[in-house]
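Below you will find the structure I want to go over with you.
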Amino acid sequence: MITAAALQHAITAADWEALRPIIWIAGGALAVLLFDLCLPRGAHRISSVLLGVTSLVWAGGFLVRNYHTPYAAFGGAFLSDGFSVVFQGAIVLATLLSLLFVYTFEERISSAGAVALLLWAASGAMLMTGAGNLLILFLGLELLSLALYALCGMASRRAAREAALKYLLLSSMASAVMLYGMVLLFGVTGSVNFSAFLAPPPGNPLYLVALGLFYVGVAFKLGLVPFHIWMPDVFEGAPLPVTAFMSVATKAGMLAVLARIIYVATPAGLANKVLLPIWVVAALSMIIGNLAALSQSNLKRLLAYSGIGQIGYIVAAFAGATALGLRYALFYLLAYLFMTLGAFAVIAALSDQADEGARLVSYAGLAHRRPMLAAAMSFFLIGLAGLPPTVGFMGKLLLLSSVLNAGYISLAVLLIVGTAISIYAYAKIIRVMYAPMRHEVVAGAMSATWPLPWIAIAICSVAVLGLGLYPLVPSAVLPLVK
Amino acid sequence: MLFWFLAVALIASAVAVVTAAKPVYSVIALLAHFVTLAVVYVSLSAEFLAVTQILVYSGAILILFLFVIALLSSGVDSFEVGPDRLPKLPMPALFALVITLVAIVFSAAHAFAHVLPVITPTSQLAVGSAAAFGSVATFGAMLFTSQLLPFEITALILMVAVIGVVVLAGDHATLTPPDHERLRAIRRREREAILREGEAS
Amino acid sequence: MLHHAVGISAHYPLLLATWLLPLAGALLLWSTGPRIQAKGAVLGTTVLGAAFVTALLSIPDALRAADGYVGAQQPLVTWLPGMSLGLLLDPLSLLWTLVITGVGFLIHVYSIGYLAGDRAIARFFAYLNFFVFAMLTLVLSDNFLGLLVGWGLVGLASYFLIGFWFEKPSAVAASRKAFVINVAGDVGIMLAIFILFAQLGTLSYGGVFAHVAQLSPSTLLAVCLFLFVGCAAKSAQVPLHTWLPDAMEGPTPVSALIHAATMVTAGVYLIARCHPLWDASPDARAFVGVVGAITALVGAILGLGQWDIKRILAYSTMSQIGYMIMGVGVGAYQAGVLHFFAHAFFKAQLFLGAGIIIHALGDEQDIRRMGGLARKMPFALLAMLTGTLAICGIFPFSGFFSKDAILYGVLEHGHPYLYFIGVLTAAITAYYMFRMLFVVFAGQARTPASVGEHAGHAHHAPAWLMQLPVALLIVPTIGIGWLAIGGEQSPWARFFEPIFGASLQPLARLGMSEATSSLVVTSVVLLGIATAFFVYATPQALRNAPERLQREGQRMPGMLTHAFYFDDALDGLFVQPTRALGRFCAATVERDVLDGGVHDITVGARWLGHFFRSFQTGFVRAYALVLALGVAAFAAYYVLVGVTR
Amino acid sequence: MAVGELSNYVTLSAVLFFLGVAGVILRRNPLVMLMGVELMLNASNLALVAFSRAWGSMVGHIFAFLVITVAAAEAAIGLAIIVVVFHRSARVDVDDVTILKG
């Protein structure tokens, strides 16, 4: 008694082609685990990182190909269009850079397990970017979240375990709220496809409430005020590579979902009213995130708060749902990626397995001990503050122009105010690093054991400066409507 | 009539889960809740789901809960020991819950009373024949054709669960004394020295 | 293929070379510096010399008229939506380019001698080259974006250079202060750019200036004022000037190059460059003119009370830039730019001369401990004297022509009060500059160490390395004023005809002719010099100079202890009140109003930060409650929207 | 076969959902908080099955099946984390876990 419609859908090779980057990454994770069983004891860490990087690079190659051949795979369940491919590229990049910090894990943590989980988390985020229906979105989100729950707790520090517990409880609650929103959406429209939400049944308040619950989940994952409350704690406690991954890859996945919902699944007549809360939380994030960053004494925590503000900027760019806004948001996402991960790379370069170099006191007089690291950190912070000649400035300029184009003057003003506040927060770190040294003992207390973070610092510096001077804004097409 | 009976049972067991004095009681209440839910599924012609509900939830998840309760040896104690450090929490929490609940229920009643289809007798279902709806065969066919992708992803999710638990527990089992203990102590002293100097200035 | 991909077609290779050579030098020195140290200094200097030569060679490009504009336009970035970035070499940017590379080259040469033996000399030259690159980016850009990039980069380079001796806590503090104030200025320019881009959709100078008429008067005023915030920060205008005297903590060549000749005049460049905006906004012109005049006066008054030779020069720089800003602010663009050109040479010369003295005395900067250097250091006297005559505006030195041009321009554009302030400032300038000159060179030596033995300096660089650049600077200090003779037919006016030709015209002829104005200015200047002479350089004054200076330093009223009636009268009538005013400005206005205001804002922001942090209690259940409240807020909003739809 | 109004099912699931949320917010034992999450997921499933029936589309069944799978995985990882966090503490109380704050 199989319905005819169900069987008519034949899966072809093209369907798997669209998924190939994700398959490579998920398969790479398996390879990492298998090799870990075979290799001698000393080679675990390096082989895991190398295999992970290899699979990510391969996946990147397939992404380049997919960029030019948009395709709605599995009957529109997974949309591989220019839009989602750019987001997937950002996730691949962020994962790759995060992998370079893996050595900061403690010795007895299974690095293969950590790398595999990171890769699977990346697969989940990538699935979210192309999700064409609620099932794939939900599964991608859960794949990402579940892997991250475990990753957060992968350190023997109490803080890491506390972070894992908090993330688990709060995120699963938020996921459940979002799931309930999805269920109600299905109930109202009778379909799980995003495209069906374009034409909601008339005069149905439940549709809006469902969207509201859905947006709660989105705002939670993006860390928009007041749903940001978990972020500082989790970012501070989680192991460094995990924090780095979460600060970009998770956000990229959810931003893609938000963009798809705004650009594809929001009826034009309703957009103003439906999206108002999103602009409000974005505006709150820009201000409160940067304000709270002012008096932080842990860099990971400070970057969490600054990330709250930065994501607020990006979400603001979606205001008005203009094509320009989407392109510039994508560009700023790349900018944010390189600046944030660059800063994390500096922290990683100052970390070893005994200590994550994230406390601000460790940075006192850094400019005199490690001038290159201090310079790199200052550069990334200048970028995050949005000053020239970095990509942060260019990105913010473009964001602002798109927000103004869309006619959201108040958002633009708040964006500027937030930027002004954030300059204080970042200048504080630079000041600490360049303050005169008064304590000689600290010299040489921290040392980078691996050259890997230097690679990340180099990549990020070149990108932050290069994209700042030659901004290659992706000409990604608007999300595919299927 | 059956619906109201089941509804009362579901709500009562859920309340019991939330309010039970000991974890073990919560698990038992949850078991009752899940089984009742399976009955509701059957009543809505979701046979396969009903079976899954019993097998997965009652058979696997609840057993896990029981294991952990045994492991943490707090299962027999009552839940809240020690002073409540957030005594003002319940009122705003209930406030938030009631607002959201009213919002959903109000709009749901509004929506489904007038606009959307009410639940129809099985014979009028759009899908194939009445017997096919909710059956294992239809379900399986969908899962392996039109819904193949989600099904494949669940495999990944289960893999993440397995590896994640192994990694977390493995960390816990192989507690070797860390090599960095001495180093860490030295650094802590240094930092405290800097801090003191900072405070003094 | 490459040029197609990157979007660069090299129409003007010489211009590109001028722009990129210093960058290449900086990168080379950064990467190889620690190994080649002293050779690195020569390398950095050679690179800059090459840049100067290419700049000279591109003069014909800059003067070539084509397609309705004059100059060389070199596109760099052409693929951005609504944005095209590139370089523009026209008479205005050519002038700055020549000064930056030319004076920069001389100062590089000087630095080889000044910093010989420093452990990090290659790093110093890397910074210097980087600064030149940043400054060239600023002036050569053909759009606001490149301008801002250069604007930020010069601030960064200045920060590095002020803090070059980072072992000195005061140097680090000074560099930080300069950086913070400059960043505030950057934000002002950024805001102006945002407004322009939002309103006009373009950032190229040509595009913006062609559509000035589209901007409403209030928008235009806002843009001008935001731009001026940047100018005020970079060019040390009241009330953002406080970083400049502190910046003297950097090495003296840095003070000469960055904090006298080039970077601090970026504000003058910006206003001159954006003159169509100012032409269209009388309110902005009035405001900028007033701020410039106040800066000129305040700088001069503050200069009265200083004992540190470099700080005196710093305040005089601030005062002179005040003149320039006043000039370009009221609309006398050519006069303001001329004063920049003249000032670049004579102020560099003054600083380098002071550097020779400081170097010779073993890093002594207090003029009370100098004295009687005229016989021992005749070359330094020559350098300082010509520079001082120029800054005071004595015929035939360049300052005479440029200062007169500004003052008369101010009058011509209808600002008699500003004219009066300018003339008063000229008198005070003459007084404190000659005060410095007399105290340093006249009378008996007050230095414990004997001159010429390089106390504290173990190295001996050849003396000509430091003297030659100064000697070369004296030539333009005497010569360039003559360019401006002849009014509208002068070489200077014809040079800038394509830039400022269509701009604001002065009011109808005034009652006072330019010659009369010159006479007025010259006489008050001579009055100031005479006063300084009577206070500091009469035989009686010189005989007990140490005690007198000591007493003045201790800020004691001298009526009873002073033997000379005239001296004491002057002191009581003139010196003490102005010094008191200077102290008041320094103590009350600067510390309480400015620093205090900034402090309050910071504290307020901190407090808010703490407030929002206080929600972060650490209790996961409290977080869950916050989530639930958020959910409730969302749900309530959407239900209301759904019902009212 | 007892078939009722769809809105009754939705209301019932909403009530169950919020009992789950109450469990997460009000209880201090992480195990019960996790059970609260399970209640929320099951409430969603109930609504899914009801909607599926109403629309005559079995996609809701597939969705519910996926939710059950995810819930199992989530319970496994969640319980592992709880064990890691609390295996040495005298009492199992999330309010004891507050070293990260500010």
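Order of writing sets the labels: A, B, C and D. Residues in every chain begin at 1.
To be clear about the criterion, a residue touches a chain if its C-beta (ideal position, glycine included) is under 8 Å from a C-beta of that chain, and two chains touch if they have at least 3 such contacts.
Keep in mind that this is a model prediction, so the values were computed, not measured.
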Looking at every pair of chains, which two share the most C-beta contact pairs?
-> B-D
Rounded to the nearest whole Å, what is the centre-to-centre distance of chain A and chain B, using the mean of the C-alpha atoms as each centre?
-> 26
Whole-Å gap separating chain A and chain C, where each centre is the average of the chain's CA atoms | 43
Using the average of all C-alpha atoms in each chain as its centre, how far is it in Å between chain C and chain D?
-> 66
Here the gap between chain B and chain C, centre to centre from mean Cα coordinates and rounded to Å, is 66
Per-residue overlap in chain A, given as positions that touch at least 2 other chains = 135, 139, 142, 146, 149-150, 153, 165-166, 169, 173, 177, 184, 187, 203-209, 232-233
Per-residue multi-chain contacts in chain B, two or more chains | 85-86, 89, 93, 97, 100, 103-104, 106-108, 111-112, 116, 127, 138, 142, 147, 150, 154, 157, 160-161, 164-165, 168, 171
Where chain D touches two or more other chains, by residue = 6, 10, 20-21, 24-26, 28, 34, 36, 50, 54-55, 57, 59, 62, 66, 70, 73-74, 77, 80-82, 84, 94-95, 97-102
Report the topology of the inter-chain touch graph, choosing from line, ring, star, complete and other.
-> complete
So, in the complex, the side of chain C touching chain B is made of residues 619, 621-622, 625, 628-629, 631-632, 635-636, 638-639, 642-643
Mind listing the chain A positions that touch chain D in their complex?
-> 134-135, 138-139, 142, 146, 149-150, 153, 158-159, 161-166, 168-169, 172-173, 176-177, 179-180, 183-184, 186-187, 190-192, 232-233, 236-237, 296, 301
Would you pull the chain A residues touching chain C in the complex into a rising list?
-> 165-166, 169-170, 173-174, 177, 203-209, 211-213, 215-216, 219-220, 226-227, 229-230, 232-233, 273-274, 276-277, 288, 291-295, 324, 367-368, 387-389, 393, 397, 400-401, 404-405, 412, 416, 420-421, 423-424, 427, 431, 434-436, 469-471, 473
Per the touch rule above, chain C residues touching chain A in the complex are 6, 77, 80-81, 145, 148-149, 151-153, 163, 166-167, 169, 172, 176, 180, 183, 186-187, 190-191, 193-194, 197-198, 602, 605-606, 608-610, 612-613, 615-616, 618, 620, 623-624, 626-627, 629-631, 633-635, 637-639, 641-643, 645
In their complex, what parts of chain D are in touch with chain C?
-> 21, 24-26, 28, 94-95, 97-102
